[in-house]
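In what follows, subunit A forms one complex with subunit B and a second complex with subunit C.
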Partner chain A sequence: MESQAGGASPAPANTGTGHAPGSSGIGSLLKLSGASKQRLAGWLFLTPAIAYLLFAFALPIVYNVLLSFERDSLSTIGSINAPWAGFFNYTAMFNDQIAQSAIVHTLVFTVGSLAGQFIIGLSLALLFSNRFPGRTVARSLVIVPWLVPLIVTGVIFRFMFQQEGGAINQILVGTGLIHNPVDWLGTTSYALLTVTIANIWLGVPFFTLLLYSALQEVPAEVKEAAMIDGANPWQRLRLVTIPIILPVIEITFLLGFVFTVKVFDLVIGMTGGGPANATQLISTWSYTLGFQEFNFGEAAALNNVLLVAALVCAPLYLLLSRDQLRRSSGAGR
Partner chain B sequence: MSGRHKKTAVRWLSTLVAFVAVAIMLFPIYSIIVASFESTVTLFSTKFHFFPYHPTLANYQTVLLGTQSGTATSVTISGNQLGHVLTSFEIALGTALLTLAISVPAAYALAKYRLRVTVLFVGALLLAQIVPSIVLATSLFAILLKTHLVNTLPGVIICDGTYAVPFGILVLRAFLFGLPNELMHSARVDGASEWQTFRMIVIPLARSAIVTVAVFAFLAGWGDFIFALTTLNGASFEPITLGIYSFLGNYQANWGAVMAAGVVALVPAAVLLVIAQRYIATGLTAGAVKG
Partner chain C sequence: MATLSLEQVTKVFANGVEAVSEFDLFVEEGEFVVLVGPSGCGKTTLLRMVAGLEELTSGTIRLGGQIVNDVSARDRDVAMVFQNYALYPHLNVLDNIAFSLRVRGVPKHQRHPKAREAADVLGLTAVVLRKPAQLSGGQRQRVAMGRALVREPAVFLMDEPLSNLDANLRVQMRSEVLRVQRRLGVAALYVTHDQTEAMTMGDRVAVLRGGTLQQLATPQELYENPANLFVASFIGSPPMNLYEGEISGSADRLVLSLGSQKLALPAESGHRHRVLEAGRGRKLVAGIRPEDLTVADGETADQQATLTALVELVELLGNESLVHFSTDATRVRNNTGGAWTPDATAHGEIVGASAAEGVARIDPRVPVATGDRVALVVDVERIHFFDAETGATIGATDQSPTAPQQPS
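Let's look at the complex of A and B:
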């Protein structure tokens, strides 16, 4: 993940101590005099990224807050002098039944997706930890769904879950699991479940890959010791393996959460939010409000709810990424 | 029964289970490929054929050449999709180039220079990866409208960079930590400028990480749907992802065209999977954030 071949190498600014082999006194003198030149170069290397982050992230987020307090239409969205709306957009949003249900759907969709992705991903990761013929091929094929453009995944699942002529119904009826074809995407009670299933399929490769690489780090002696102590496979998993890979499980859930709350393409491709808004998520309803009803104010208010939901995990995310932050103090360590 | 026999049985059982799992994971992709070769009549029948029924290239003809294959669908095909493929390619390439141009120097600055902003900036990048695209899309549309970049290639490329730039900087930075400082040190002693050191020492050594980031940025730009949908609203060109969406139609999908266009959209991913698998696996475990 992070290579650190040069972990112990001295930093440019303090090579004058004489411990670093190969750095002569003259070299360090030259560098010290060039220290401010170097700092300037560092800033110049960083400038495009700063400009980009300001333009493509900071500005839109600030602008979104501004939009949420304005009465915007397509004719005023580009201008600053749109009429001020106070909290109108927020009260409108919280009284909007579709927005309310979109928030609930997003929650159900996210929890269901993560649970399914974790259970299937961990099972596959455990499976791939065994040695068996075809293991390498199977492991690399499992990541293929990850590479499919999301809108394509959406249309494939829409096709497979059709009531008439859909592969899923045909398999289920053929094997006798159900008697009559189910209208998976056309009935309000099944549609959210169906898009959740599609999203589980989408996220399994990610969970499998991350959990698999974590399992490789579990020392064999620990597992053997547990086996000698008479622990059965379930106990070994629950009491030995999972506690050891817990940090990776945490970060995987966190990233999975971040992916899932922003799912958009998949649902647009499968249902467009229907039937009767049964699969309307925060993201899809925000799009509909903004780009189809040109109610940019309420869309922005809803976006802010989504942003807050996504950022709820930010402190935990930064905590788990503290290695990357800690290494910020400069070159080498 | 000896332990060895039991072990062999477990191995083959694992193979069987893995085979079933892989079959389930790949079935959706298999089904779109099979369906893309079916005739419209077959696709609109009430039976799904698990194996090609009456294979035909008509859907690809429709999608790539824009001719409707004379069957009973009321959906009209607007022009051919070759232009869509070209547009997708331009967007993907533009996204990859923009991402590299921003993230390679930034990663170098954050890994090898002692700057006060480093902690703050890395924190900002981590947070940027969390921000949902739809949140950005609404405001970016307004901002692009103001800057006259709506319905332009640069506009959508700037938006697509949001998928790949934070990820690219973080991955490259982690890689650059591994380069020994002595390399840059001795280049400086030899009189190389900071820029020369970056261009002649750092970039060549970071090649594999740069390819990883480029592959991811390319796929992000190729697969983008949200920003194309929101910022190319009425442009004279659109990428294949939007083409697929318009084939879906409001009431009845033109399945033949949807399937063939979907397969066309899969091609770059498949090609990159074969030629750059090593880089893709690296990028995935580096915590890729997609969508």
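Let's look at the complex of A and C:
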């Protein structure tokens, strides 16, 4: 607090006058000392960002939390005076079979997506770290999934996975891998797998780009030293490369997790949550609850499951990124 | 343990640059050979080819008699210390040292005692659990050597391992490196651009330039009988003074002219004398080591071969003084057309010393001051002569000095 009139303020005039600057009425309010002026300027600079954060982040979250404790209907949703519901919405949500399965589906979908994205993303990143003809073109093609709107991706995948005439079945039957076309999206046991595959495709560019850039930071000499120490390619990857890029892998997973638990458009485009709610995720089911069944309270309660997940991830992310900063700055020669 | 032999080793990079051409070298078991030369002379490429990190364009590398051209780096059984140490940043000292044992499947309870022993030898006992980022430069250097120590490699390779250390530590680590190599008792190949390191560490030193071997000899031999102008100018600090000269006079009394000054050469009957005599009237290059010059005292001056010079600068070093002087002779230093030209820009010492036109290393008690005009006595028997066209030493006993002598 006792700011020692930082470098910018030529404050020797104040020293020895006896009273602390800024502590005596209007006169000093207008003639702020250098230090308080700086503090005021700092807050002024922060104001737009704070206003934006309050409006875009805090408000919806607070409103959502509020909704989950209210008994809202179409008639009260526009006002803020809905009847208080206590934990009713939460008990309703946890007793809702579909909500339960949506939570399980979201978990399966997320774990499956991240595993697939990591394995394929790392493989591609390793591939692009080698020189081969057409590398630059191939590397740019990786980000194509990002150029397609999610809802379009969903529709394209729906076409590809169609039972009759879908590209996937034609290839699988054509190559003799399966004998009869599979109803990928119409069978409850396959539908979640199918949307997960589509989501893996969507997330691969993110993993590839981050892991690729991390791989570029691994010094060639260290890999050569491992080679000379007798490590085979698999050992070099497992014992040297992956541990060195581990901080990036951790952060990639964390961000990937946040992106995956909230996937919505893709599933709506492919299955709409069906068949028989087999691909119902937290996001799609809370949307259905809220905007088709107008059960706003339970929808908000379900959504807060995601909020909790995000609240766990945010500090973890800060911790990891700070850790990585420390590690990388300390590891310099 | 094994011998290392390189035969006609050539490396041409994809862009057409010939980094190493027809290089021959034989390293005995336990021998410490230094590859030295200015940057870009191909010494690191050579080392990487021995390590298996770079493919040969042609030629043969043998380890213990076995051709290893197509053996991958990991099966070649070499240990290597890299310029930037190349430690595994996520592993502590012990695990860094034990890494080669780990990938060979040696269990922890066996590899850790070995790594600890190596750490003790290198004075790393107190820091074995630290990660590389928490170590000083010298400690990292020691860990890098520890990785070689725990193995029993066929050959020990080092790529400028001391260049990232400060001057004091570098001197100290020289003996440390030698100690490790003696302990391993294997053939060692050490790359450096620092001629002092080469001279102090190598059993033999190979001087490279532009991918070709200039001379392979013991440090003393390199210093006293450089095969050519490049070696003469590269080895020695401060470097040899090199001047354009001309031989004249009668067969029994040859005279060397350096600019307007003349030095009578002693009558000798050797091979060199005959070559010099035959070359009368042709331009050549005369080289005088700084310590072969002394300041004449008044009485004897006219009886000896002296060079009159203007003192430009005196560097008092305590045990000796370096007198930078100028004469009217033409200093040979960067002959752009000549084939022998030392890469002056790549070697700071050559550039630095060429500010004045010559350096003499004299007794610090002889009073000499900037601006003095002095007579410098030349030890004429120790003048080196080089062909001005080819840069080759004139009258060297071995007429093809670049051919390595292979003990076999």
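Methods note: the second predicted complex is superposed on the first by the 275 of 333 C-alpha atoms of A that agree within 3 Å, B and C clash if a C-alpha of one lies under 4 Å from a C-alpha of the other, contacts with A are read in each partner's own complex, and residues count from 1 in each chain.
In this section, a residue touches a chain if its C-beta (ideal position, glycine included) is under 8 Å from a C-beta of that chain, and two chains touch if they have at least 3 such contacts.
Just so it is clear, the structure is predicted and the values come from calculations on it, not from any experiment.
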| item | value |
| --- | --- |
| Subunit C versus subunit B, contacts on subunit A by residue | B |
| Subunit B versus subunit C as contact partner of A:276, first or second or both or neither | neither |
| Partner chain in contact with A:178 - subunit B first, subunit C second, else both or neither | neither |
| Which superposed partner A:239 touches (first subunit B, second subunit C, both, neither) | second |
| First (subunit B), second (subunit C), both or neither touched by A:52 | first |
| Touching partner for A:230 - first (subunit B), second (subunit C), both, neither | second |
| Set of subunit A residues, in rising order, touched by both subunit B and subunit C | 327, 330-332 |
| Partner subunit C, residues of subunit A touching it in the complex | 219, 221-222, 224-232, 235, 239-240, 243-244, 246, 327, 330-333 |
| Contact set on subunit A toward subunit B in their complex | 1-6, 9-13, 15, 22-23, 27, 30-31, 34, 37-39, 41-46, 48-50, 52-53, 55-57, 59-61, 63-64, 67, 77-79, 124, 127-128, 130-135, 138, 140-153, 155-160, 164-167, 170, 201, 204-206, 209-210, 213, 251, 255, 258-259, 261-265, 268-269, 283, 286-287, 290-291, 296, 299-300, 303-304, 306-307, 310-311, 313-314, 317-318, 321, 324-325, 327-332 |
| In the complex with subunit A, residue positions of subunit B that touch it | 10-12, 14-15, 17-19, 21-22, 25-29, 31-32, 35, 43-48, 50, 101-103, 105-106, 108-115, 117-119, 121-143, 145-146, 158-159, 161-162, 165-166, 169-170, 173-175, 177-182, 184-186, 188-189, 194-195, 198, 219, 222-223, 225-226, 229-230, 233, 241, 244-245, 248, 253, 255, 258-259, 262, 265-266, 269-270, 272-273, 277, 280-281, 284-287, 289-291 |
| Interfacial residue positions of subunit C with respect to subunit A in the complex | 51-53, 72-76, 78-80, 82-91, 99-100, 102-104, 132-134, 147, 151, 164 |
